[in-house]
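The following pair of complexes shares a single chain, chain A, combined with chain B in the former and chain C in the latter.
And then the complex of A and B:
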């Protein structure tokens, strides 16, 4: 009897592992394929995917296989697509820069301003504070389809429509970080703060020398979450900044010419790199941040 | 007097810390929202004549809005429950002490880091008329179709949504599962409770706040699937994929502030209602645990 149960347990774990393995392949493959394809020559890409991307061209000069050929390992590994991106087509580099110049200030200032607000929400908890926090959470829960309209009206009256500010300013004041950092700060033991106060520390010193160091992990994880969200921005850009010149790669990448699919894979990979690096180095923080975000109460 | 001042001081300082954030939220979200309420009730921003609910009637009679709303509702209604249930399943499987648990966690979480713009090339290769999916199906004698222009288009988008969002939800469920007191589950199994009963009567109740949050989160994220749809199919997608964000974009282009305001207001109210209902349901389910 015991043996059977033991065997059943092993079978269960084996099945669970197999199941996870299948899922893991599905979850990883698209990313890995994009990465692998960025090292293929334009000829190989055209041969493999021409059927999808070049339907209307029937020049007959290039070899296009009739069926799409999804391949993981390039016939010939080349960095030529990267060389073209970096040296010959400054357009994509410029769009990458557009992304960075939008996202970095948003991450930096949203987290900084939120840290102050979270400290305030932690220090005193009156009725007014609780109502304000509720309002912040409510704004946080509203989708872009709702918040973009007020954002647009303000940008219009400030005369910043079509400029980077129309995206940066609403981004800086989005209350997502406030919510998570408040939860993190409220977990700091009260006795620690009281001890610091007894030692004669003022609010500023309690904030910078007790609370911020205690919340280092939470600050970093919030920064990662905000970064991913804005690195991926689409909705705001289409409404606030329709001119292609200022657009980030998250929007511009899809407008790449069908004749440059090889290049598109390289640019797509370059665009993934900052996010993937953050993920690989900060996964524990990311998981911590996600866990903090769970639950709307306290 | 001095004592009173010292007592009042932390309060004042603490509001000072809140000020930048509060000013920003008021300026960019709350105050203009009051403006939206006003716009939704007048005929145009210049003449300012009160027209009651005319703008809302106009909105609901608009064919594009009807299509966008029903497509969005249909998408969320399919995607939200799947995102909750499948991520819970993944979390439970990972909790079953399988080898390489943390590696699997990393792999399941990785899609959330990949920008949609970077991955749409592969989605095109997979779901195009000449794409991989049709090639595979052709071997079983299924005729090829253009997936993003078919009756299955919304289901494909559901799959893309799940690919990106399951990992995040899974982490939330894993954290919640880790917080269930082990002694309680063990006591129940000693008492002879089946694993089915153990789940519904113990684990489910402890998980209920997480259920609430994952459901709300999946709902909000389901509105962000516009990104995939837009980057794959542009401004004018197949009619089944015309979402509320497409409608908003077009209304922004025509600068119809009344229609925009009415639409934003309706959506805010609907979101508030759904979230409120979820909170009430959660309050009922979670009662026994908290006491």
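And then the complex of A and C:
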């Protein structure tokens, strides 16, 4: 009886591990292939994937699956794509800079504003607060496309269409961050805030020296999620800011895909680096943040 | 250092349909006094403390710390320190920083902060913990740090809100003694809130017993034990709690007795005015006898003050034995026997009652009729609406179970 139980436990563990392993491979494979392909020559990539993009007789694209060859190790390692991307073409660095100056203020101000709002939601009592929080959650549940048109109209009326402000301003006021940080701040025991008050702290000191350090995890996770969200934005930019010189790397990547496929792999790899580094740095916080939000992402 | 005066203080929480959590609370706390506010959950003791701290607004009445009316004074400006039940240590700060936090806010120089923190840590024996974060502390250590954080500011008043509730029994006893020592050493006013009658009895110079927002008795521990003002207080203080029996007062052979079941106990030796006693004849009263005032008598002993009972549950505690007994008339009496008397379950017993220790309570108002030397303190009991017969939380005259209230 004991042996059967023991065996059953191991079988469960083995099945769970297998299940997780399959998922890990499925999710990791595109990333690993992108990374591997970025070191292949254009010829090798075309040989492996060319058929996928082969044009048919009517001029459309034809998918020929049997010709796809997923290779993890290049026949000949080359850095030419990286050299082209980083050294020979100024486009990449320009677009990287465009991404940075769009995303960094959004992350910084969104986290700051959300932290203030969350503190207010935590500290104030009354029905008005509850109604306001409900509105926040309601807006959060709306898909981005729903708020895109109002955002466009507001940007137009503010005369900021086509400028970076048309992306930054709607970006820094986000209900999702407020929601996560409100939940995090509500987990701070009331007695801690009362203890700080008795110690002589005013609201600002309670906010900065008690609440913010205690929500460090949630703040980081919000920052990471917002960064990843805006680092990958495409539609907002295409609609609000059609001027190519201002567009970020995410849009550039989607355009480069259509032409030089080898270059696209290298650009995609470099493009992933900030997000991956950020994820590796704040993995724990990210998990914490997702836990706070109840596994929801708006 | 300061005394505290509460004048007719009431607390009505928003959305509570006008019900008073604290109702007309009047109390004078002398400088350097150790006052314990005790009562069951929801009696208003914590609300009272929070109003003194400034964490809750005072709905009615006045609170003075020293000579200053502090109703509208911010908590930080009241010069008080509070130790919370949960300790409320800042988890992201080391013990040192936790203790130094209030001093930094007061812009003391670094050397002075360091001196005070180390001096307090030394006094509490927590110097070795100064670099640790709260999560690396045990319950007892956290408690000491919480005390240290309060002490380091040299406040005029210490407020302690059930600070020992989260500790195990042994540690609680140790910390109890530690806090008493601390009070003597610091010579500061201490207000201590607890629901534990043992803490109340052992720690306070004075005990304030509350129920449903009202003060039921405000007295020294000894006087509260000897002269409880009403049934609630009598049942709340003492472990096992006082036995209550509904009895009829009668005169038998010229002696006034309390008759219940098939038993009659003489009331002649009780501290009740003779005229009052005579006026009770023919009326129903509630008799209260503490378990320690009943003992197992020699089986051949005869005389007044003896009850016949049979042992139901016997709890041998070493130094004493708690015997739950059944009496005719479906009565249950708990006995606290200090002598080494071998008692078995089901054994027939003769119980000897110390007649002079019997308490008599009015069956209607539940106030004590027993006369106390120097006069009986006014009970606030009558301000409480009588509970419904089936409502919980109140001592029932026929319920004589032991244990802490």
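Structural remarks
Keep in mind that, in the parts below, the second predicted complex is superposed on the first by the 275 of 298 C-alpha atoms of A that agree within 3 Å, B and C clash if a C-alpha of one lies under 4 Å from a C-alpha of the other, contacts with A are read in each partner's own complex, and residues count from 1 in each chain.
Here is the rule we use: contacts are C-beta pairs under 8 Å (C-beta built on N, C-alpha and C of every residue); 3 or more make two chains touch, one makes a residue touch a chain.
Only a predicted model underlies this, so the values are computations on that prediction, with no experimental measurement involved.
By the document's definition of touching, of the two partners only chain C reaches A:198; chain B does not. Shared-chain residue A:189: touches chain C; no touch with chain B. Look at A:210: by the touch rule set out above, it reaches chain C but stays clear of chain B. Between chain B and chain C, more residues of chain A are touched by B.
Once chain A of one complex is fitted onto chain A of the other, the partner contacts of A:70 are limited to chain B, with no touch recorded for chain C.
Residue contacts after overlaying the shared chain place A:108 against neither chain B nor chain C.
By the document's definition of touching, of the two partners only chain B reaches A:145; chain C does not. Residue ranges on chain C touching chain A, taken from their complex, read 53-55, 74-76, 80-82, 84-86, 88, 90-92, 101-102, 105-106, 149, 153.
Of all residues in chain A, only 12-13, 16-17, 19-20, 23-24, 26-28, 30-31, 33-34, 37, 49, 51-53, 55, 66-68, 70, 113-114, 116-117, 119-121, 123-124, 126, 132, 135-136, 138-139, 141-154, 169-170, 172-173, 175, 178, 203, 207, 228, 231-232, 234-235, 238-239, 249-254, 261, 264-265, 268-269, 271-272, 275-276, 278-279, 283, 286-287, 290-291, 293-297 touch chain B in the complex they form. Residues 10-11, 13-18, 20-22, 24-25, 27-33, 35-36, 90, 93-94, 96-100, 104-125, 128, 130-132, 135, 163, 167-168, 171-172, 175-176, 209-210, 212-214, 216-217, 220, 223-224, 226-227, 230-232, 234, 244-245, 248-249, 252, 257, 260-261, 263-264, 267-268, 271-272, 275 of chain B are the ones that touch chain A when the two sit in their complex.
Per the touch definition, chain A reaches chain C in the complex via residues 189, 191-192, 194-202, 205, 209-210, 213-214, 216.
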